[in-house]
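For reference, chains read A, B, C, D and E in written order, and residue numbers begin at 1 within each chain.
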Amino acid sequence: METTTHVLGHVDGSSVVSNSGTKVICSVSGPMEPKSRQELPTQLALEIIVKPAEGVQSTREKLMEDQIRSVLTPVLARYLHPRQFVQICLQVLEAGESRDYTVKEVSVCVNAAVLALVDAGVPLLSMCSGTCIGITTEGKQLVVNPTESQLAKCESVHVYCLELGTNENGDIDVRNLLLLDSLGSFDESQLFKVLETGEKECIRLYTELRSVIKDKVAKDFVWRQ
Amino acid sequence: MAKDIEISNAESKFILEALKLKQRLDGRSYDQFRDVKIEIGEAYGDVTVTMGNTKVHCRISCEIAQPYEDRPFEGLFHISTETTPMAGAQFENGNNTGEEEVLISRMIEKAVRRSGALDVEGLCIIAGSKCWSLRADVHFLDCDGGLIDASCIAVMAGLLHFKKPDVTVLGERVTVHPIDEREPVSLGVLHVPICVTFSFFNPDDTEENIKGEDNAEISIIDASLKEELLRDGVLTVTLNKNREVVQISKAGGLPMEALSLIDCCHKAYGIVEKITDQIHRVVKQDTIARNQYAHILSSENARET
Amino acid sequence: MTESIDIHPIVFPPEVLARISPDISLQRHLSLETRPCSRGFEEFRDVAINDGNISRYSTNCQNATTNNIIGSSLLRSGKTFVITSITGGIIEETLPANNTEDVGEEELMKLSEDTDRLCENSTIYPVVEVQRGRVGGPTDEEMITSEKLYKTLLHSGILKKTALAVSCGIRRTEEDGSVTTIYSDELLDEEKKINEANNRKWSYVLYAKIQVFSRNGPIYDLCWNSLISALKTVQLPRAFLDERAADLKIAIRTRGRSMTIRETYDILCDPHKSLPLKLNEGELCYGSNYGIIDIEPLAQLAKNDDEMDVDKPTSVLLADIETEAEESSILSTLSLTTNKNGQFKAATIIGGDSKITPEMIKRCIFLSKQRSKDIESKV
Amino acid sequence: MSVQDRRRILGPAEAKPLQFAAITPVRTVENRDDGNGNKSGKESVFISTDLVTNANGSSYLEYMDGTSDQVLVMSSVFGPRPLRGSFQSKASVSIQFKEVTLEHLNTGEIKEICTFLTNVFNAVINVEKYPKSGIDIFIDLIQHSNSNPTEEANIVNILPTCINSITMALVDAGIEIIDLVSAGSKDNSVVAFIRNGHEIVGIWSDDDNVTDISKLIEECKAKYLVNKQTLVQYLK
Amino acid sequence: MSKLLLPGDVISADETQSQSISAGPGIYSDPLSQEIKATHAGLEVVTPNKKGASVYVDYNSKRYIPAVGDFVVGVIVASFGDSYRVSLCNFSNPVTLSYMAFPNASKKNKPTLKVGDLCYARVCSAYKELEAEIECMDSSKGQDAGFGLLDGGMTIEVSLAYARELLFNDSYPLLNILGNLVEFEVAIGVNGIIWLKTDDVRTTLACYRSILTCQGVSPAQFDKTIKSIFNDTLKSTDEK
């Protein structure tokens, strides 16, 4: 996973994340004033916009937005800013998969969004990370982060997102499964294998995000050194 | 409607005062175009243009479609310029009815598509039944002024770089060769139009119709976002390297003299020439970089045979 | 100076509480070990499915002349009902057929066909509409559900491309004016040539219009089940070309150039003859949904103080989410699409707030299999 | 090309809808119009209310004319519910007509039907009773079979059932109406009545040459009375 | 460098070594589990106080959230019958500045700020559910405290942590270096807006560029950086 933060000037937080051929740029603005139809009386309203690399936004992007929303909503400390509004824009730069799939884009979007949220200073209760997994038709092998051609050979494809944090001893604390979205043909044991593999990968990504954020913080306070 | 950016009286006054002293906030001179950075991505027709804090991404793509009935020999070409709040919270998602959004999309449309920069007849596969439908998706990533100029560069660089899959036509049957299977084909770009935007200020805020030595009117090239918000007039000229004026757009604002229009075109030409060369250079460099790889492959093949 | 203020608790009737504070209402219900819809925790709504006599091929269809619906279903689940009607279209394939002259390319084509799993799969174009007493464009829910149905069917392999290939017949007008239509599979071998000479390939395209009435909970599973049962009733009409239109070329002139182009002619459908749509029966599966919610100790109705159940589970699993109270306060949900043997086609697990444990997933899978068995028997 | 529906999955643009070849007469239509305009066969109506739970009132009507004609209509009434915006002393009634399965009518025809029905029910609903309110009525035509291929005839055939259905839905919603509205049709005309046929609340005619309007009204009235009786019986 | 915290990191009890923890910015106490977590990514700052310890996360961001006592620079965006609406940050909810929140204010003596004017003020009320309020006086004493209209000059938008550093860290060398070069007036808002004024447009411009540039430069380089900016700015205007 390659990441950069703070790439855009006119929004509060931004990031670029790319992973095996999929590249997404994300911007976050907020907490700011909502339009009246978006306002929620007790919590932070969240707008997620996904724009595809090619073509216009369609139902495909709506579904992606919905999946990303279900991952980010529990992570946001949304009761800290009632009647406020956070806007997350995700622009896919390289899809890395055909239009019939969204798994790679969704998982990269989740990682990009969480980085941009951290960059923007939007309060979060936990961190999260996302990955995608495919199970091949032949050999029933689990492939983490498949490439476009590997994906096409998969019998089932899965997006997996995990809520993570660090407990008081400094150990990684797996908090909850945020999203598992599976499509294709699979059985119960494969489902559990995906859950197991996904957890490992998400923990790995979390440590990666951690070091990225460490660099970011160091850069933020460069004038202190 | 999204909210506007607030500029305080003090700030606007200061920016104008500085302009009078030939100073711009970012240290540029009046006629200085920002340095243009053109980056090319993995895919064909994937271009990011950075000009200062302005960043625009353009992606060219194509698919097979049916030509319009009244134009059976022409392919389809569509430029989509949709704003998202990524470029700044003043933009609204999916709302392309705002004045600025409409202006941007009209200008790009006029500068690139209607100027015939792309040979649409070259997109024809079978007259009247099949053709390529080409899309240029312009994504505004960061807006610090000059979106029109940056988008135009991005689209043109994208078109020059893009390659469409090769096709074989056997009677009525069309075979599309995936790009990893057979060398794809470049598009027919007939000329490279480049937009240069001038902004005008009238810092003394008085009606000045007599243009003379003591004329306080200021003209600058490639305004930043704040300069755009404060300007009193705007002119966009589109030229190509053949010294052809593709289009001129001046929608209201401060009136200007005919002679100064010509002066602007002269100034713009220098910039157009430089940027056109830069685009060609970047595209060529990328082609060489890609070919190096292909070269190794083909030499291996040569040894086998 | 002391002032005492009497605080009077406000009492709401249950239906008002359910409206103003669905989460508390739900917690109160749960503490009484019941649900707002008065079902048991793991109890599903009753499902009834029939074809609704909407399709032109329905046994009791009253209208087979102007009706262009070729498959349908009427699904009822509790008070909610879903009407699905399937219509069709025909599209000319752009991809080359196998008889390409270049042999090397044919091999390549085959190679890529083997690897790209989705190449063989087809799907339907669904438009979901939920009646909600408002006019306007599709809501997010309608869009998301439509897209999910589309994608799930595409990835499931239930509908293969081959099942939608048109085997096109020819209508002949004899010299005496009588009209006959011949289909290739009804032809003798030597006559088949007529068809093959005509070097073009068509496919059926399927559209589904899915209308949801009395929505009272998540709709994806209902729509999916309705869609599958409607697909099972689909009859594809035999299609034919008129012999006279079989090779039509039209000369055109534009800007001083002239050219002949092949006209895209219309394929007509036989009003009487049809073939059932071949679905991959082994892959059929049905959807169900579950919610997981933490029991909030503070919201519990006061019980006998001695009965402090220490072992009481802290969260419960509810099958088949219904009512606004459940839908708005349960954020951890599972939606599983499986057959009775546990062969999945789709699964969506969202951990909104309550923790989802593997045991819960296992329990849901167990319930899903049972539910699929039940629905299967009703379709 | 740029104008595409992004919010619906419409499938490939090049696809053409199935076109069925003109049917060669298989079904004999001997028991159709007997020349007098009276259809033979036994007419029957099935009525049910409160089907749509999230509406304030709803009704479902199945009308069979005993031959091959069948009309299935569902109406849902939403309201009276608060209207946003400026103060209005009367309820605003809106009627939306939609074909659930088949799509035979064009948007112009649908609009015409909506306007006609809105006018009829604006006259019948006690709108003064519901200030600042909106009453939205949705009619879903689930199925209509009409072997007569002319479009006009279709509308005339479904209108009386629609009117009956809305009336029942309004009753179900408990909205005040001055009388049960019902209608009768004859040839290419529909007349809606109240007060035992003493008052006409709407006339729809697709006929260019109605010669004897009073005769037409009388014939429609006869059917209205039958229809009304059916409604009354159900409500009892 | 002190300990890095990420959102979701639980603050360990032994670090604070006390039962009573006052949570500062970037710290969230879960009402159910009583767990104390970080909500922002930044550096942990623990300060022992009388009762126990206060903990906060020092993080950098661009979007200002009003907190009581903060000094801010705002733009008047509207004026009503009894108050102004002031924008502290583009696209954020505007805050209220009452006409009575000025020194010597009375019903008859109304302040004279216009829409578009800049003012320096202090946040006096900030509840998350309500619109925040600012004041242009020291309300505890009812006296003038250096707040009010900022006339002329120029504003500089910087990151919030940088603005805090400039305002609170007296040993931070930047303003001192600038002060040696030129005389200036400055008002630093922790909402990331710095107002600065000198006698001359050119020196103001030089200060503007210096402050912006130093945001990405370590203090050791300040002297050199600022001098070269001053040289360039003043020279280039002379040339032209």
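As a working rule, a residue touches a chain if its C-beta (ideal position, glycine included) is under 8 Å from a C-beta of that chain, and two chains touch if they have at least 3 such contacts.
Since the model is a prediction, treat every value here as computed from it, not as a measurement.
Steps from chain C to chain E, minimised over paths through touching chains, total 2. The interface holding more C-beta pairs in contact, when A-D is weighed against A-E, is A-E.
Comparing mean CA positions across the assembly, the chain most remote from chain D is E. Averaging Cα coordinates per chain and for the whole protein, the chain whose average falls nearest the overall one is A. The centroid of the Cα atoms in chain A and the matching centroid in chain C are 27 Å apart. Each chain gets one centre point, the mean of its Cα atoms, and the points for chain A and chain B are 31 Å apart. Rounded to whole angstrom units, the spacing between the C-alpha centres of chain D and chain E is 66. In this assembly, the C-alpha centroid of chain B lies 39 Å from the C-alpha centroid of chain E. In chain E, the residues that touch at least two other chains are 91. Within chain C, residues 143, 146-147, 150 each touch two or more of the remaining chains. For chain B, residues touching at least two other chains, in rising order: 3, 80, 89.
Against chain E, the residues of chain B that register as touching in their complex are 3, 5-11, 13-14, 17-18, 21-23, 25, 27, 29, 89-90. Chain C meets chain D in the complex at residues 53-54, 61-63, 65-70, 72, 79-81, 83, 85, 87-92, 125-127, 131-135, 137-138, 143, 146-147, 150, 171, 204-205, 207, 209, 211, 213-216, 237, 239-240, 266-272.
Per the touch definition, chain A reaches chain D in the complex via residues 56-59, 62.
Against chain C, the residues of chain D that register as touching in their complex are 7-12, 14-24, 26, 51-55, 64, 68-70, 74, 76, 78, 96, 100-102, 104, 136, 138, 140, 142-147, 149.
Residue ranges on chain A touching chain E, taken from their complex, read 12-13, 29-33, 77, 80-84, 118, 120-121, 123-127, 163-170, 173, 175, 210, 213-214, 216-218, 220-225.
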